[in-house]
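First chain A sits with chain B, and in the next complex the same chain sits with chain C.
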Partner chain A sequence: MIGPTRPRIRTAHLFVLPHTVFMLLFAIGPAVYALVISFASFQRGTPEFFGAGLDNYANAYTDVRFLPALGNVTQFLIISVPLGAIGVLAIAALLHARQDRLGSGMRTLYFIPGAVAGPTLALLAIFMLDPRISPFAPVLQAMGLTTIGQVTSGSRLPWVFAIMYFFAAAGGWVAIFYGAFNGISRETTEAATMDGCGPIRLAWSVKLPLVRPYIVYMLILTFGANVQMFVEPQLLAVAAGSTVGRYWSLNQLSYAYAFELSDFGSAAAIALLMLGVGLLAAILIIRFTDFFRPDVADR
Partner chain B sequence: MKRVLTAGMTAVCISGAALAVAPAAVVLGQDEPAPIVAWVDEVRIPAIEAWQAAHPDRAHLVTAEAVDILQIPARIALANNAGSGWPDIVFNGANLIAMTATERNDWALDLRPHVSQELLDGFEEHVIGECIRPDGRVICLSNDIAQSVTYYNQPLMDSFGYEVPTTWEELAALGERVAVEHPGYLIGAFGDALSLDMYFWPGRCATGQLQDETTVYINVLAPECVRVAQWVDRMQEIGVVAKVGTFDPLFIDAANQDRLLVLTAPSWFGEFVFGGTPDSVYYQTATGQLGVALPPRWEGDEQPYFGGQGGASWAVSRHTQNLDLAVEVATWLATADEYHVDLAPTYPAYKAPAERWVAKTSGNPLYANDPAPIYIEAAAFEDPLFGIVTYDTASIFSTTVIAALNEGRTVESALPAFQEALVQAAQIAGYQVVTTP
Partner chain C sequence: MSQTASRRTRPSVGGSTRVILLLALAVFFGLPLLWLLIAPSKLQNEFVTLPSLAFGEIGNYLRALEHLVGFKDGRILLWAWNSVWYTAAALIIGLVISIPAGYALATTEFRGRRLILWLTLIALIVPTSALVLPLFLEMSTLRLVGSPWAVILPTAFFPFGVYLAYVFYATSVPRDLLAAGRVDGCSEWQLFRMVCLPLSKTLIGLLTFLSFTANWNNYFLPFVMLTDDETYTLPVGLQSLVTGTSMISMSAMRGTSSTLKNPEGALLSLLMVLPLVVVFIVCQRYVVRGALTGAVKE
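Entry: the complex of A and B
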């Protein structure tokens, strides 16, 4: 038993090694550091470790800007996570149903925004949102919006951000799901077609159940990434004519603590909250689905 | 716990060792003084180069790094965390320098023991006042002044037969006439963060007046603020003050199509926004069309006032390894003719070069009259009550007042929300807030 297993484990380890190294350096390392400094006090610039006890947590979570930011991010998540999942699956199913030149051309088209770095894409989106220079100006103006300040005001913001996030992330996920649909054996889909499945029925009742683990994976990653929204509101906050606050999202509030008030302890307390929420969501989703049952993908 | 103690003792031992070798280090220092680093914006790189040119024997000791100066407080906070990596000199607005001089950051050096009172007296009094904290610390030396002046289109004013207004009330009366006689022409713009500086500060509105180091007076519901809000609301209602900022494409178009009659703006607008050169924002030709006058005052006030509006300053690090050189260079940068007369793009805060600087603008064919005496007189109007606080009033103004305008509400209706947000921000930054002076 041991003999044949061993080399396989070694090869697997080699494959995950680069990821593990980077995860230690840029994810787990900083998270542990955040945990340490969330108990530190920063009275005179340099950290005094374990000098604050739980003060930073009390301070950050009772800040008057905390609940509004939490509310904003919650509204955004309620819109962006389902919108992202439904949109991605619909596009991928459509593309997969149409396997010709148009289909593959569209696939590339959807992927392009995902290939552009986040902040650049956010800047582009800001241009798209300005009713005076946007290619969608007639649509925006038909909605009675004449300045970017109006487009990005109040209750519209979670929708605006959800759309920005969708176009930033959708392309990559569409490619992944297209690949997943391709992985479904042709016998299965042909059998379904023989039994009288139309393209919609085929997508809904056959293809989607077969790629469920990928959907779970997408939900976890989307939730984790969206909880930490930062670049989009931060760039909108400094865009001319926009009135988005610099404390709109939790991550912005954390940033403000660190770099406006030099209070890295309270900043870490908020950052850890986001990590905690993301982890909790992942655990819940995994717990109540069969994500880690290896046979699912082969079914 | 034991491990922490051991680490602490090790640290003590190491610093003890450092003390033991200190005399040797000083001797070394006499041979080759420690170099210094200055963080400046792109525009001020020539200032450092001018110092190097004037001091060729020591030029190699000063290095300039161009940075995003709005990020300087953040980068200093990071250096504090790391315990190293501080700049020796920075160029920044007095409000951002104040952020680095809080107890928590403790970066900016108190220059009081290192510069003479005579030097401080050489600056425009209320402008250097931005650098002097209520407790007496001098945390920076002013670089330039962004005094308010009134710009007007001389040919338009002549052809319409209008007089240049000297009070806000007269400007309002002019606005009422323009709305009836020449609709479509503008006498101002109110719609971005700069509107706070351009309209509320001349009204002496208490968005954050320091009483002492930890107490701030905030009351934007006071008459000084309400008069400004009502003025703007009325002028926007009749359409003579644009509902966008001065750098919005709509307003730029209006200026370039000669529909801008009067604009009260900071003095850097003359050379950098109106300009009169092919790449200027407003006027791409210089045909003697731009008139410059003293800014309006409110009838109840004895004189006009202005707030910060972008004037910046030089500060020195408490951590510098070469204190004498850092103070010398910062002083030179704030005062020297070689920089401020020959190279500086802005009106100098130091009085001696200022007079020679304005003489250069007199020759610009853009102006209808000589702006030099106007700039000099207007420089003295900085409001002594104008407070340098360590939180950002401009972004609060944006998210409350400008947001209300975008939703179709009036400026006056947004004042209670503005007040509440300012008080919150001040308290978060650690101030005691009072609502009566």
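Entry: the complex of A and C
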């Protein structure tokens, strides 16, 4: 690609122009604007830029609801991210231990719940968590749970959300890891088998280390996505009554600031925290894994 | 690899354990969907009185459907139509914007190219929901909140599409082909239009799948942006029904006069999920390919 001609460059500019404009309007713009707003004061109705100093941050981060929400989301992340990863890897290894009809059929079946998301996922979960209605009622009752209020009470809630997320997201990742395991050369696995590796050893000592970059990728991406939870606690709050707070997650709190109090400054201060986590995840993925690279065309 | 060879090299240790575990997982992933398929066949009280997986009557699907369609003179049909056209508009605008951008980034060196690539990558990894509230703050300053375009345009921004198009044109279209075209006097536009686009069927299929699945279920952004219930999408409408009617049994004290109860809730969920299930089964390979395109093997 040395020395493209002037008309070529002009066409290229035209080709990337709409994308660049959209990126400015709908990604960079809102991020920068949220940053500006987070320092703005709204005392007199119209925003007074840089009029608030750090007040919005102080206000949002010392809100009595902030630490509980942060704690809830943290608990949820501690459960959902590592257990999700372990579950996905175990299922993928289990499927990949043999290439058979059963395995490929199951792979497709596990993948289908990915079609359920947002409010439909929440609604389905509400039915599945109600011991009077759910096909999993025997399991719930064996745990001594007879009402949905009990199932979704306090310390169980992060687990409930983790299971919901796993239900919807695991199949996609399983398919990805299955593909990654398939990418491992046959010589490698056969040599290990000759050396006396059983299927579990083979998965643990040979296949897993070879797909390590994929694992890093999954961990970061899941973390970045799960931190944003919003609709699931919002709808479960309706179903289960007061046991699930309306300010259970950070995004709910930010939403409440914007919509209930019209306090855009404090809403922005929390939204920026979430955005910061997302940005950090993005930079980590680009720097430390090979999945997304800006230099594919240069080699 | 033949089956016999694989059996010989991999002894069948744990073979039956594997089958049992796989079937247990099938229950976990499959049972909720099976239940959802059956649920609208039951009447409200039968949700509790009949066994969970018992089938009620086929006619009850129609009954629930009539209730859904009859709600506020077909409001749900309007939401379905909104869902379809917002998704379609975001898809078409997204394709028109992202494919040429990916092409230019892959084939031409120009100033700012690397910066655009980096920003695109960051934008594609940052979860879209992280930008919802900032977008709302921006749109409310621009007085665009409430308009369908406040949903369509941000979702038409498709950094994943740009990146996949970039990788596709950088790796799958031979450089020599482009060079030959240029020697023959093709303009860049002609090259794109006559040579590259006809080769891009796989790319367009992949992007269509990704855009459709992301936007059909999109909830947070439309929930925040749409104020008038005539502009709702299905996910936002479903949410409003869950909070505003007795669609979930637990909140039955409220609005008990509503015809929308458990069977209607299950049927609406089922109708929202079905198109995606079909797309998912048909396009399973796309997901893997989409997620791993960046990891190009040398």
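The criterion applied here is as follows: the second predicted complex is superposed on the first by the 236 of 299 C-alpha atoms of A that agree within 3 Å, B and C clash if a C-alpha of one lies under 4 Å from a C-alpha of the other, contacts with A are read in each partner's own complex, and residues count from 1 in each chain.
In this section, a contact is a pair of C-beta atoms (placed from the backbone, for glycine too) under 8 Å apart; a residue touches a chain by one contact, two chains touch by 3 or more.
As the structure is a prediction and not an experimental result, all values here were calculated from the model.
> Between chain B and chain C, whom does A:P18 touch in the aligned arrangement: first, second, both, or neither?
Only chain C; A:P18 stays clear of chain B.
> Where does A:A258 make contact in the superposed view: on chain B (first), on chain C (second), on both, or on neither?
Both partners.
> Regarding the shared-chain residue A:A282, is it in contact with chain B (first), chain C (second), both, or neither?
In the superposition, A:A282 touches chain C alone.
> If we overlay the two complexes on their shared chain A, which of chain B and chain C does A:I112 touch? Say first, second, both or neither.
Touch status of A:I112: second partner only.
> Looking only at chain A, is it chain B or chain C that touches more of its residues?
So, of the two partners, C touches more residues of chain A.
> Is A:A268 in contact with chain B, with chain C, with both, or with neither (first, second, both, neither)?
It touches chain C, and chain B stays clear.
> Does the superposition put A:L95 against chain B (first), chain C (second), both, or neither?
In the superposition, A:L95 contacts chain C only.
> Have a look at where A:R132 lands relative to chain B and chain C in the superposition and call it first, second, both or neither.
both
> Chain A residues touched by both chain B and chain C?
After superposing on chain A, chain A residues 132-133, 240-241, 258, 264 contact both chain B and chain C.
> Enumerate the contact residues on chain C facing chain A in the complex.
Residues 1, 3, 6, 9-11, 13-15, 18-19, 21-22, 25-26, 28-36, 39, 47-48, 52-53, 96-98, 100-101, 103-110, 114, 116-127, 129-131, 133-138, 140-141, 153-154, 156-157, 159, 162-163, 166-167, 169-171, 187-189, 192, 213, 217-220, 223-224, 235-236, 238-239, 242-243, 247-251, 262, 265-266, 269, 272-273, 276-277, 279-281, 284, 287-288, 291-292, 294-297 of chain C touch chain A in their complex.
> Per the contact definition, I'd like the list of chain A residues that touch chain C in the complex.
Residue list for chain A touching chain C: 1-2, 4, 7-9, 11-13, 15-16, 18-20, 22-23, 25-31, 33-34, 37, 91, 94-95, 97-100, 102-103, 106, 108-120, 122-124, 126-128, 130, 132-137, 148, 167, 170-172, 175-176, 178-180, 183, 186, 190, 193, 198-200, 213, 221, 224-225, 227-228, 230-231, 234-235, 238-241, 251, 254-255, 258, 264, 267-268, 271-272, 274-275, 277-279, 281-283, 285-286, 290-294, 296-297.
> For the complex, give me every residue of chain A touching chain B.
On the chain A side, the touching residues are 42-47, 63-65, 132-133, 147, 149-150, 153-154, 237, 240-241, 243-246, 258-264.
> Across the complex, what residues on chain B touch chain A?
Residues in contact with chain A: 73-74, 77, 80-81, 83, 99, 102-107, 191-192, 244-245, 247-250, 391-392, 395, 398-399, 402-403, 405-407, 424, 428-429.
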